[in-house]
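Each in structure tokens, the structures are laid out below.
In the two complexes below, chain A is the common chain; its partner is chain B in one and chain C in the other.
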Partner chain A sequence: MFSPWISSLQLILIALFWRGIFTVSLTAGTVPLLDSNVPQTLSRSAVITGDSLVEKVEILTPIDLQLSCTCNANPNKLPNVTGFWRKDGIEIDNSRLTVLLEKEQYNLKREFSIDGDNLGNYSCVFYVGDKESRIDFYLTAPEMEGKQDKPVIAYVGDSVTMACKIKHLPNAWIWYKANGTQQELINATTDPLHYKMVVDGNATKLTLKNLKELDSGVYICSAVYNIKASVKQMEVRVISFMEPLKPFIAIVAEVILLVTLILFFERWGSKKSDDLPAENMIPVDQLDKLTQDDNNGMGESNARQRNV
Partner chain B sequence: MPPSASTNLGYTPPDGGWGWPVVFGAFVSIGFSYAFPKSLTIYFKEIQKYFTVSYSEIAWVSSIMLAAMYAGGPVSSILVNRYGSRPVVIIGGLMVGVAMIAASFGTTIMHLYLLVGVIGGFGLSFNLQPSLTIIGKYFQVKRPMANGLAMAGSPVFLFTLAPLNQFLFDHFGWRGAFMILGAIVMNCCVAGALMRPVDIKKAPKDPDTATDRATTGTEGSTEGIGSLEAGGLLGDTEPQQRKGGFADKCLDLSLFKHRGFIIYLVGNVVMFFGFFAPVVFLAPYAKGIGIDNYQAAFLLSIFALVDMFARPGTGLIANTRWIRPRIQYFFSFSVAYNGVCHLLCPFLADYMGYAGLVIYAVFFGVAFGMVCALLFEVLMDLVGAQRFSSAVGLVTIIECGPVLLGPPIAGFLVDVFHDYKYMYWACGVMMLSPGIFLFIMNYFNYKRLDQEEREKQSGASGMVTLSSVEETGAVEERKEEEIFDKSGE
Partner chain C sequence: MVHAAAMAHGKKIPAVPPPDGGWGWMIVAGCFMVTVCTRAVTRCISIFFVEFQIHFGRDYSGTAWIHSLVDCTTMLCAPLGSFIGNRLSCRIAVILGGFLSSIGLVLSSFATSLEYLYLSLGVLTGVGFALCYTPAIAMVGSYFCQRKALAYGIAMSGSGIGTFILAPVVQLLIEHYSWRGALLILGGVVSNLCVCGALLRPIRLTDEEESGGPPLLDSERGYGVKAQATSASEDPLPVDRKGRRCLQSMQDYRFLLMPDFVMLAVSFVFLASGCSLPFVYLVPYALDVGVCPHQAAFLMSILGVIDIVGNITFGWLVDQRYLKKYRNICYTIAVGLEGLCCLFIPLLRTFTLLVPFSVLYGYFDGAYVALIPVVTSDIVGTANLSSALGIVYFLHAIPYLLSPPIGGWLVDTTGTYTATFFLSGFALISSSLVISTVTGIRHCRTIQKHRQNSKDTDPKQETYQTSIQPQVKR
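Moving on to the complex of A and B:
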């Protein structure tokens, strides 16, 4: 997000209209907090010494935003350079200007009226000679914390809880269930046996109770701001208890099999050495083999005792 | 070579043959015992959300399990003394298995505390002690090697259980995973089935049984003759002992008068305060100095991998004829080496950043593996295979305190100083001082043992008093073997 080769970044906040007083002291790397409903003008300024810089700005409410960029003059201080603005990679019409050198810097400013429809990637571009230097401003609605890329597994008859958390306090939290391309609103008050929704400032939890297989699917939590709603998708998979049962039975069967085999092998092995002395019906010529196997064999495998 | 306390078994251990499958069984058992509680932490976040509890409440499951595992030591020892290793391990495996399966149906966090924590922990203690004991029954000459191989189970199982648990969680959620884990842990029963009692009839008789009884006497354990697990050297007193006091009959408390045992205990209790904390805090330390999550986790993988090979390697080295006679010194050295590693860690981290921590992870892995491989081997060497069962039970319950208190105290140090390096220095001192203590005390102990051996061999009067013992002993010998058979080992 913040290029390591940028040595300094200064942020200037100019509020032309505001209700109440708020001062924000910002250091490099923080995102401005705009929580008044009255349109404000915010100025972001960046100094580039390298080729490009990325700046993330989270916007909560429609605002007139002034973006200003400053480019340090490189060794060959040209008296004027070309500067223009891009939105999402496409040059904005009528934005090309000739920028004059002021105190060894080139300055470029422009005001944008930002609302829910024109969020995106705004860039100011300087053409110094034939080299391009630019600063990218990513203007977005606040992003949710955490990512849920793997589905949550839950069981039929059981319950599952999904949580969403965001940095800035939203106007409202809304939960949806995705149904194909449609989104169904989840109303916890009309269906208390099935859903339970808890809102706690900038966090919310939805609990699905008495799960059934058709509760599987994608659930969307939405944090509503003046400018736009910020969403997060979570997938829930409801499975029956039979599914883990199959590997379970397989492993238990393997355990029982191995234990039986080992004990049987041991019993068979010891029986082999025990049987020989107890066996009285042995031919005389095998007597020698017997005596070698077991010392006890001597006493019992006597030819006289054969007819027992 | 000092008089080895382990030859008072009454037979010469096979040192091979069925001993190697037994080592494999011990490998599996020990692996589950140590790795299982640590690997369960993967499920905590989800269970925490499910039962709406705080992280410290869910962490209690792990703590209770570990505490039960250590507290179950003496109980385990008593059962092994009475019934032998095999039934205890099989029952232990069944206990953990059933506990996990029942826990998969749990509806409150209390269920998890009781089932996974208490019953699961006890079941694991029934796996740990008997596995260590049976190695002493099967091996004498190659025992350090066997111990090293068996103890290698812990890092190997941790290495495999961690990704396996993640896989089970992704596919079956925590409930299904608990159920399947219950089945997997029942493989301890397979390990137990392998732990065949040593066949006394088949094992060649120990030629020096008479002198060994004398050795038992000079080892300082004058009550050794009366204790049951010595197999009842005097057959006629043995039935009387069965009706004797609980403690004397089942657990050899005379060990507290054993010089070597006390040295070992004191050294170990101090050592365990600083033993596990550096492992627990390695990843947070790395993240604290600016290393990202994956690289910090990778440090632990390096550590576990090095540990895996260090344990059998240490066993191999300890088995050589240069080290084996003075194995206590080797153990003291490895404890002290741990301490030195921790003391140097902050310097490595400050001057070399991530590379420094990687070097530390490698050296610490070797150190940790060395201590773990030798931990029980030196205890066997000190007290002998006969009394090892009781010894390990007593040691685990006494070590329970430092093992459980170590990481929280270390965490407290980190909170107070807001820097990990003081904690590492504290751990370094906690390991270096017992290392030096053990070294010095064992030097004196070896000297005394050599002295006693010389006295015994030169003393002609000693043989006269023992001849009567020898006569009654010879008659009772066959009875002894039968007792051995019944008790299992």
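Moving on to the complex of A and C:
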């Protein structure tokens, strides 16, 4: 529920600290100087696993990235602590350093050469005494907006539209259909009767027309960047119109049955009461609020007046 | 209204006083289902909008028209519904309406364009709903007298409870069958209106035996009194059926000339202008002042649930002996307090402050909705209730349609929501002022007349008057 707020908060932090990346993506090759000053106070940590902070970084193109971490000294103020880097949980060789205390802070910096193969989770870890404090940098290609975990239902002979949207302009949009483990490229120009693809900058739409049962399956839209392609999967299920028709017919049958029953019950009930003496005179007990009048004939005209 | 049905069937249905129970509760259940199938389904149509937008490639405003069309058509054609209810029978009107609306929904499931949806979903289904809504509500009024407000409260709570239940059900249907299948199945659900129609057993009330004479409203006795000067006619059908029908329809709409009804109608126009705005603009206002989205949605849920509570409890409350005489005053107070709540909005800028607003506004909204048919029947009498309700809901249509866009325009030009909520508050307060003015004038006249009469009447007339007094407490 709150997770969209947390990740957007993180992205705001990224935007503040890593504006360099986005300018760098247009002019590949330059080395940005990046600082991630994240104050951490060990005294605050009540968590036994140690303090940790997660930062998400979206990378569009291969760059040389410098990550730096800062940790505020605890009251103990050890003159030096051990710091090292991890990638995807595994310690990077030769990255272990002794970090000296500078102005009440411990600083750790390292430069990484990032391309499509080595995206992942980079962490800088401080070992203060026994405790571990770490900052995680999630380096990824941009992620698509929206999630489609439920299949899109469509009917035979109908059409269905799938949309993909992403934050940063990709080089190209490509659609695939998953065929077992393989992916088939969808070419809208060779098959215009069946497919229609519309690209609108950050968004794309694929329309499948004249659906058949074998059009069911997983469709993948991919936004191509220099570094990697970002994908989103959507499942399409094509069903025949018989499926919703069954509950519909069941409900209509129930309605007809109930109506017949009610009308029949009413007619049967009124036939029974027809056998009893007709009561088109106002019953005397209606006059219980008003003064009683024993004479039936008089009672009728009085009641008429009293009913006003 | 119902005597026409009795004549049409050629049967002699025994004339009875309002049962206040018995089959009346089945009528209430039927009316509850009618409210669920009409008002709740109308609100749930907005769940389909996202699907329509994706499928037809249109934006929000194109799809929002569908909801406005359904709402507007339902209200605009309410007089048609009451007319058919009067002419043929409430039962036939509701069954016909159920048939039309379910056909509308079924046809919508085959839609190929948004314009097609405007016609099938907006117009056809809307007309179907209109044919059901008014006759069903009018029928409840015939069956109840002592517990009228409670019966109406239960019947009208259908829209709140129905929305509560139908919204997740519709969402589930869309997930499993896509919007086409969901519309088809919804058409099946709506065809249950025919079952509700079958439940509306015609009743012939003792008041209506005197159908030949014009209804003379003795305005000096306050609301709820219809003095029938003519004696009863135990009627064989007259030769000229057409002429009789013409006369009947003129009589049916005679209440339009009543000054009481005209003032009530004016107050309803103000009411309809003000009441829908907070529902539309509460969530945007809450988001604007910094409430987070799920809390803003929670405000709307509170509003919906308390609405239901208000319907039933206020109806029960107003039926109690000590409050029955003051029904109109209770209605006036409910509407006035609702308007007052809206005026406080600019001061409520946090979630904790907006919750009481939701609670109060929801309660009074439920309260007055349950009392509209009661107040109307108090003025025009039970026989004309169907036609009167048709006119009342007709008057709701245009303000319902126009006030949200006007509110939106106010928000755009002033930049804040204050003006919109002030408009709503003032409209509601003016509505209650109109009614209280009329009540006040009537009360003064009654006191004057009684003073005059007590000066120069002889004892015989006095006893006549006092013996009639108890009936006024209906």
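As a convention for this text, the second predicted complex is superposed on the first by the 224 of 308 C-alpha atoms of A that agree within 3 Å, B and C clash if a C-alpha of one lies under 4 Å from a C-alpha of the other, contacts with A are read in each partner's own complex, and residues count from 1 in each chain.
Keep in mind that, in the parts below, a contact is a pair of C-beta atoms (placed from the backbone, for glycine too) under 8 Å apart; a residue touches a chain by one contact, two chains touch by 3 or more.
Since this is a predicted model, take the numbers as computed values, not measurements.
Compare chain B and chain C by how many residues of chain A each one touches, and report the one with more.
C
So in the superposed three-chain picture, is A:259 touching just chain B, just chain C, both, or none of them (first/second/both/neither)?
both
Which holds for A:248: it touches chain B only (first), chain C only (second), both, or neither?
Once the two structures are laid over each other on A, A:248 reaches both partners.
Just chain B (first), just chain C (second), both, or neither: which does A:153 touch?
both
In the superposed arrangement, which partner chain does A:161 touch: chain B (first), chain C (second), both, or neither?
After superposing on A, A:161 lies in contact with both chain B and chain C.
Can you pull the chain A residues that chain B and chain C both touch?
Residues common to the chain A contacts of chain C and of chain B are 150, 152-155, 158, 160-161, 163, 239, 241, 243-245, 247-248, 251-252, 255, 258-259, 262-263, 266, 270, listed in rising order.
Give every residue of chain B touching chain A within the complex, in rising order.
46, 49-50, 52, 90, 169-173, 175-177, 179-180, 182-184, 186-187, 189-190, 193-194, 196, 199
Taking the touch rule as given, give the residues of chain A at its contact with chain B in the complex, in rising order.
150, 152-155, 158-161, 163, 239, 241, 243-245, 247-248, 251-252, 255, 258-259, 262-263, 266, 270
Help me check something: in the complex, which residues belonging to chain A touch chain C?
The contact residues of chain A facing chain C are 1, 5, 150, 152-155, 158, 160-161, 163, 239, 241, 243-245, 247-252, 255, 258-259, 262-263, 266, 270, 278-280, 282-283, 286, 289-291, 301, 303-308.
Using the touch definition up top, name the residues of chain C that touch chain A in the complex.
11-12, 14-17, 54-55, 57, 95, 106, 175-178, 180-182, 184-185, 187-189, 191-192, 194-195, 197-199, 201, 206-207, 210, 218, 225-228, 231-232, 234, 292, 294, 467-468, 470-471
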